[in-house]
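For reference, chains read A, B, C and D in written order, and residue numbers begin at 1 within each chain.
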């Protein structure tokens, strides 16, 4: 089963916000969730700079960018304290959820329930809460802009058959390194 | 006065097509027109590779990419023969109009009527034929994707007030060199 | 006072090597020292990938690449454990010194004695041990290659007046972000 | 047989200079010859911008950058007049030789005698006139800088066995497109 607004982000803590958002509460907006690990090279070099651009470019009333820090390896050094420093150094100002650790298991709660493959993973939800795009690896700016533009234009979502996204793709191009579970 | 579907491309010749398109006949589709000169550095390095990507990425049934070769300087070397070679070397396979020369005047017909500032210039028309974006210089992929995605989603156009584009902007960033009239 | 082979790296620990190198012992080789902090964005995005390329490209018998992790801020999260993970994720296989912390002072020992301005800083020593280039910020590949090539060609160093480098420059271009003390 | 200073550039015309240089007359300097065609995409996008940087970066008293326009296809549009416009638009200010056409044969004289494979091709000669590097395709800045730096440091050349370059390589990476004979 994949990501779903009824199967919301399970965070142990949030950064950059006093009012933790939920996918459910964001219904009506287009929501981009960028799943990352702070020491994953592909995240630091491509997906997080892209998320920063999205946060600066998308209309606030109609869209939201959320980071999800899903640590599935090297837990002892990718701590909340370290993430806070990292977010400051990289100028990440959008809300960032820390995916809830599960006792004795490496994969955190949301990543597990959403059955993600690793980091970076990009998820895009339409206004109606349906998953419109899910991609492990990097999505280029033109393609992502096309998907988001179409979702923004739909008052009531964009997950109908034949919608703009819907791939459950992987980045095979081998450009930026990903971190696989 | 700006570009308008009722004020169509005035071409003396077309490349890459047996059935020269017109903006009017393309009504119902989103249309990207990339205005260039083959020896303009900014065109060769950024706007034409982007147009090539658009031509490969946009859904053919709903969108069209058109090149407009508007020569306003060095006419003796940017000839139709030279353009044909250039298009082949750069892998440009979308239809390219050669803007009609005007006797004794440097600026060709369409460029003159549309009051363009130079090359590269990007124009985007919505499904209803209205001008949605016009930009002298380079438009980055994310922003262009957002505009195009919104226009694609609108069955009947996208030029209402508050539409996605509508800037009559210039690229001041000074990155790639432009060629000004 | 600047960096000097007689004023060697003062490391509390080394990664990626069983035989910690010293500038003095490397006399006869051209030595590149890249000073970084693992959470400094400019380091992660430009100076460390460049150091990785240098390590792969320079002739091992005649040159050495050394990393110097000089933590002057956020000490609690840029720990040796975190650095070890970071080096693994970023594929850094050259020897990395951890600059010795000084009790109660933010700036570590080598960084203090060498009077560095922040990270990334690049230092290049000629075969005779003299400092040939020192730069706070990014040095582009062509310029760095020219300096290193000249130093490699000199059997006995390259720090004579009129030598290839010798700038004590800063990167003012404002491209990649640096971390200033 | 390869390029040789005793087998000099055979030009029908020179741009950007009143005193056409010869490899023989440049003996004592390091000489970079960038062989290109103005409508070859790989030349316009990578090798010519690199040559422009070299011309700006190398010490004039010790090095020279020369362009060689070797047209082996589409001769009717890559004329001297077109090249002059192209050089102006791309800001190429170093001397450019037009490789002498041979009656009834597509490959021009210097390209033929030097047995080149196509464009872009980079040739580097040491101070003693010996060929130090010859490469069909793009040479990255770091590697090129290393070769040039070593040649600059040798008062009397750099073509001895074990010299810095000497590859007769091709660019297999498949990045920028080349134009093969």
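Worth a mention:
Operating definition for what follows: contacts are C-beta pairs under 8 Å (C-beta built on N, C-alpha and C of every residue); 3 or more make two chains touch, one makes a residue touch a chain.
Just so we're clear, the structure is a prediction, and the values are computed from it rather than from any experiment.
Of all chains, the one whose mean C-alpha position sits at the greatest distance from that of chain A is D.
Averaging C-alpha coordinates per chain places the centre of chain B 35 Å away from that of chain D.
Centroids of chain A and chain D (each the mean of its C-alpha atoms) stand 48 Å apart. In chain B, no residue reaches two or more other chains under the touch definition. With chains as nodes and touching pairs as edges, the resulting graph is a single ring in which every chain has exactly two contacts.
The complete set of chain-chain contacts reads A-B, A-C, B-D, C-D.
The touching residues of chain D, counted against chain C in their complex, run 50, 53-54, 57-58, 140-154, 158, 164. By the touch rule above, chain A contacts chain C in their complex via residues 39-41, 44-45, 74, 76-79, 81-82, 85-86, 89-91, 179.
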